[in-house]
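Paired with chain B in one complex and with chain C in the other, chain A is shared by the two complexes that follow.
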Partner chain A sequence: MRADHPDREGRWAWRLTGAITLCVYVFMFAPIIATVVLSFNASMFGGFPLTGFSLRWYEKLLTNEPVLDAFRTSMWIALVTATVTTLLGIMAALALVRFEFRGKQAINTLVILPALVPETILGVGLLVMIKAVDQPRSMALLVLGHILLTLPYVVLIVQARMVGIKRSYEEAALSLGAPRVSTFREITLPLLIPAVLASILLAFTISFDNTSASLFWRPAGVETMPTQILSMLKISISPEVNALGTVMILLTVGIPLAGGLILQSLTWFKAGK
Partner chain B sequence: MTKGWKLYDQRLAWILVAPVLLLLILLLLLPIAMMTVYTFFTFVTAGVESAVLTFDNWKEFLTDSYYHGFLWKTVRVGAITAVICAILGYFPAYFIWATTFRHKWLLLLLLIVPFWISFTIRTFSWIHILGEQGLINVVLIRLGVISEPLPMLYTEGAVIMGLLHFLLPYMILNVYVSLESIDRTLIAAARSMGCTSAQAFREVTLPLSMPGLGAGLLLCFVLAAGSYVTPQLLGGSRDALFGNLIYDTIMGQLNWPMGATLSIVLFVLLGAAAAAYSRYMGLSQIMKGLSA
Partner chain C sequence: MHDDNSHDQQPRPASAGAAGDQLAQSERQPTGMPAVEFRDIDIFYGKFAAVRDFSLAIRKGSFVTLLGPSGCGKTTILRSIAGLVDISSGQISIGGKRVDDIPIYKRNIGLVFQNYALFPHKNVFDNVAFGLKYRNVPKPEIVRRVKKALDMVRLPGSETKLPSQLSGGQQQRIALARAIVFEPEVLLLDEPLSALDANMREDMRVEIKKIQRETGITAIFVTHDQEEALSMSDHIVVMNAGLIEQIGSPAQVYDQPATAFVANFLGKANMLPGSVTVMDGKMAMIALASGHVVKVAAPKALATGSAVTVVVRPQKLTVGTAGAANRLAGRIVSTSYLGGNAVYEIDIGAGTLVRANTLIDGQPLREGEAVDVCFGPLGCVLLDAQGLRIA
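Entry: the complex of A and B
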């Protein structure tokens, strides 16, 4: 209770809040740190105790063909998903924010649904559908599924940004005779860029990370990165899995952080001028 | 292209929204409708069913206590997880909101970082803490407190632990967003009128943060009850939840009609939870939470 004149009770409550906050943060990161530390462990087994420092599990990873294959597959799927979802999401958000039409509210709710319906249900749903038309599971299905899963987040992000862009900017361009397409390209899109970048990043990560639904949708014999990790874990917790986990953590945490820092320094640079 | 159209012509809106709408109809609504039809199909043998309509799947589900056990367990684990999340999550949310620490953004960033780390990796990391070769057991054995490793992994507790780990950031962010929208002068006013800090919290802050807490509870319950990977990795064979049951029924036994029935049951259960919630709170808070 951080009011101007905290009473005794308030000070104690505040200390307790701080202590629990610290515990929660430790709880959030302790297992992840354990995995990173263990990936450098020399031991043959994936667990504690630590026996020495070694990089050999990383070397082994570089020659592990199934892992590299799964990595490439996931990269492709995530890239296609992020691109398509962001495009579709921008269009939908434009319609949902700028226009008034019948059924708008229903569509608004419908768009959020894939984020709230459990993946197992979405997973079974698509399989039942292709079974009914007698099609095998394919990469196209997997990508379409990922687009469905990422759509709510992209639409929400772009919508939130679009609400903040005054429509008078666009209307000014239009009234001066600019065609709609160039108005979008010259006025709306530049103002939307932060949301577009955020959408691409988020859609990419969600797709790259998706496990449960991908287990249903992937074609026979295809592994994505998370399903590959799951099947490696079925055998045992090998130090190699820890190394793989650490590489993935560095990639998925490092890229957005670096991106954010670059954006930050760019704005500082501009402001400095 | 759009000569003669009004500035915000409905036709243009429909063109813009058409691809997304088509996608949602084909990949979301139609599949759910077809699953519903499938629940009335007859199971012949693994992977084969006939379109002879029957209530057998529903009868089996409603009478077999095997399924009831899974349903009860899923609801219980979901509810326990959501409640613990709410209790544990409120403190950090409040702390971040109220602290005068200058680098508040760092605390918020640390809550977002887990979302970037693969869910599978975050989940299996718990094996290193709870397992036989895990941190807790190895340390306790070294200290001589125990001689045999404690069986903590592959229990319901481990599943709940993993779910908490995954869901706490959702809860904290939801509550935080809600706290941020409180007008702080209200609390100062309550204090200057003679409220103790505890009273001010109970009468002003807590009630005003309820929307975020409610949204967090619903989100945590729905995500926990629908989980598949966490029970798979951290639970024993008896700790499987409804999601695992569905996966096994479809991918293992290839019993599609029963799998569809179970999916619809889970869908209705979680839909009912969401509907009950939105009656009181409205869905807008969830959207805030998801885009936070």
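Entry: the complex of A and C
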């Protein structure tokens, strides 16, 4: 705190901050980078040292029927989940933000609850319930489970946006002669679009990524991408897993990023700048 | 709303409904059907009565202002015309047609909001054309009428702009264009000026009034700003706590406030309590609580000893004028210099403060100076013990 050296301490503080930040980032990203780097490693074993650059593990992946099956299954489930959840989420958020009814507060809390309950508990719970009504585990159950997992997040996102859309926009449209459905289509929905896109992307990613709950719910003989990777790992850490991991990273990081970019350019274009 | 000889509507809470009906009657004779008519409207939110016994008939082409403090029910009434608030009992007619069960989008009303409420994702043209589109107006006609409306609000050529590229005043003018372009039966303005800054507000006041007169549209304007109400309206409905206090022309509500509330709300009148000591022809001698005795013209003979309140506008008070009928000695507590005039707060004894707003020439008087506050016997209003104007 010496007045004649005002920036010496400041400089050290900055260096320290920089070093800690670097450590945190290394810690966060090293595993991801390792996976990506190792996926291009020519070695037979899925670990270091690096022996050469190769795309053979990707080639192998493309001919691995179980992996391709799992990929298709996951894609399909994630798409259905994202679509259905987003539709439900919009409706729920509309009701919770725009209308007054008894027990609104309770319903609001209940909708969010599944996000707070540990996934394993949800997994077991749904399974127990299915057993109680004597139904087999099916794809429908798996999709329903994923909807259950993603709905809270979607409701939260759409609700937050909905609160920001002034009711007077809708009232203005109504007063100008637009019936309720037209008002929703022309005013509310376009203003909700950012939240809708975000919901679709988030629901897709959550569903595509989900491991623990899917382990409980998948029907016999069906694998999703994460469960497939898990079962591959049971044998050994093959370099193929690294390649698969890289594909997963690309998808789950790339899709939201792309969505964000599209959205940004959309608003940019709208603003006419 | 009524002819000059039938003025003096003095609805007081209990009689507001009846007075409104009279108004409706006198309205119907000269001009036919009122543009908007309320009959015995009650609006409850749960157990809370937002509006009680509201009756009013509004002549076609007139500019009516609902004036009152926040929470008085004025906005609720406005929204009930639009169909955005359900009335609990009574009936509302627009153009002679009951609208209680007609949904908002079929009511053919123009609505202007405090926060403009322009659709942020649509450009000016699409905003203004919105109402026409839902009335199946052919496209070339839409283009023509949007252009005309934009000319009217003095923003020609702004069709392709987005609301975010316009200033607050411009946005409100577009909102006005959007609300009048389809020639609605009634234009509802919900505090449209309060989000604008002071300079803009005055311009918009003049502009709204001009457009209303040019188009001949019936306008209902909600505000808590007495200046807006006085300067723009043909008729003012003063409301308080869900009830009508007075209906009248700006001059009537200002010069002849029906109740203590109206006197106080419009222009912060001085309220001097006292009691009648003697009647002298048409003049009443009144002993004020401050100790002074004043002479005030009374509209009728008053019983000696009856409690009254003398209402005097700050503008009717002069400071130190010779020859005035009533002189109250006092001391200046505060001075606000406003250029051409000054507002003084003067302590006239017994803790009574009066406000005088007088024209000045040069320097205002200083705080602490002893002065005489003067006013004539005419131009005062007398309220009875219940706070109602003695007529």
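Criterion: the second predicted complex is superposed on the first by the 243 of 273 C-alpha atoms of A that agree within 3 Å, B and C clash if a C-alpha of one lies under 4 Å from a C-alpha of the other, contacts with A are read in each partner's own complex, and residues count from 1 in each chain.
As a working rule, a contact is a pair of C-beta atoms (placed from the backbone, for glycine too) under 8 Å apart; a residue touches a chain by one contact, two chains touch by 3 or more.
Because the structure is a prediction, the values reported are computed rather than measured.
Superposition of the two complexes onto chain A shows chain B and chain C fitting side by side, with no clash.
In the superposition on chain A, contact is made by A:Val24 with chain B only, not with chain C.
Within the superposed three-chain model, A:Ile187 lies in touch with chain C and out of touch with chain B [touch as defined at top]. Contacts of A:Tyr169 after superposition on the shared chain: chain C is touched, whereas chain B is not.
By the document's definition of touching, of the two partners only chain C reaches A:Ala178; chain B does not. Once chain A of one complex is fitted onto chain A of the other, the partner contacts of A:Leu144 are limited to chain B, with no touch recorded for chain C. In the superposed three-chain model, the partner touching more residues of chain A is B, compared with the other of chain B and chain C.
Closest approach of chain B to chain C, taken over C-alpha atoms in the A-based superposition, is 6 Å. Residues common to the contacts of chain A with chain B and with chain C across the two structures: 171, 174, 179-180. The touching residues of chain A, when paired with chain C in their complex, are 166, 168-169, 171-180, 182-183, 186-187, 190-191, 270-272. For chain A in complex with chain B, the touching residues are 1-7, 9-10, 13-14, 16-18, 20-21, 24-25, 27-32, 34-35, 38, 45-49, 88-89, 91-92, 94-96, 98-102, 104, 107, 109-122, 124-129, 131-132, 144-145, 147-148, 151-153, 155-157, 160, 171, 174, 179-181, 205, 208-209, 211-212, 215-216, 225-226, 229-230, 233, 237, 241, 245, 248-249, 252-253, 256. Taken together, the chain C residues at the contact with chain A in this complex read 82, 84, 103-111, 113, 115, 117-121, 130-131, 134-135, 162, 164-165, 178-179, 182.
Note for the complex: chain B touches chain A at residues 1-2, 7-8, 10, 12-14, 16-17, 19-21, 23-24, 27-32, 34-35, 38, 88-89, 91-92, 94-96, 98-100, 110-111, 113-122, 124-129, 131-135, 138, 142, 164-165, 168-169, 172, 187-188, 191, 196-198, 200-201, 222-223, 225-229, 232-233, 242-243, 246-247, 250-251, 256, 259-260, 263, 266-267, 270, 274, 283, 286-287, 290-291.
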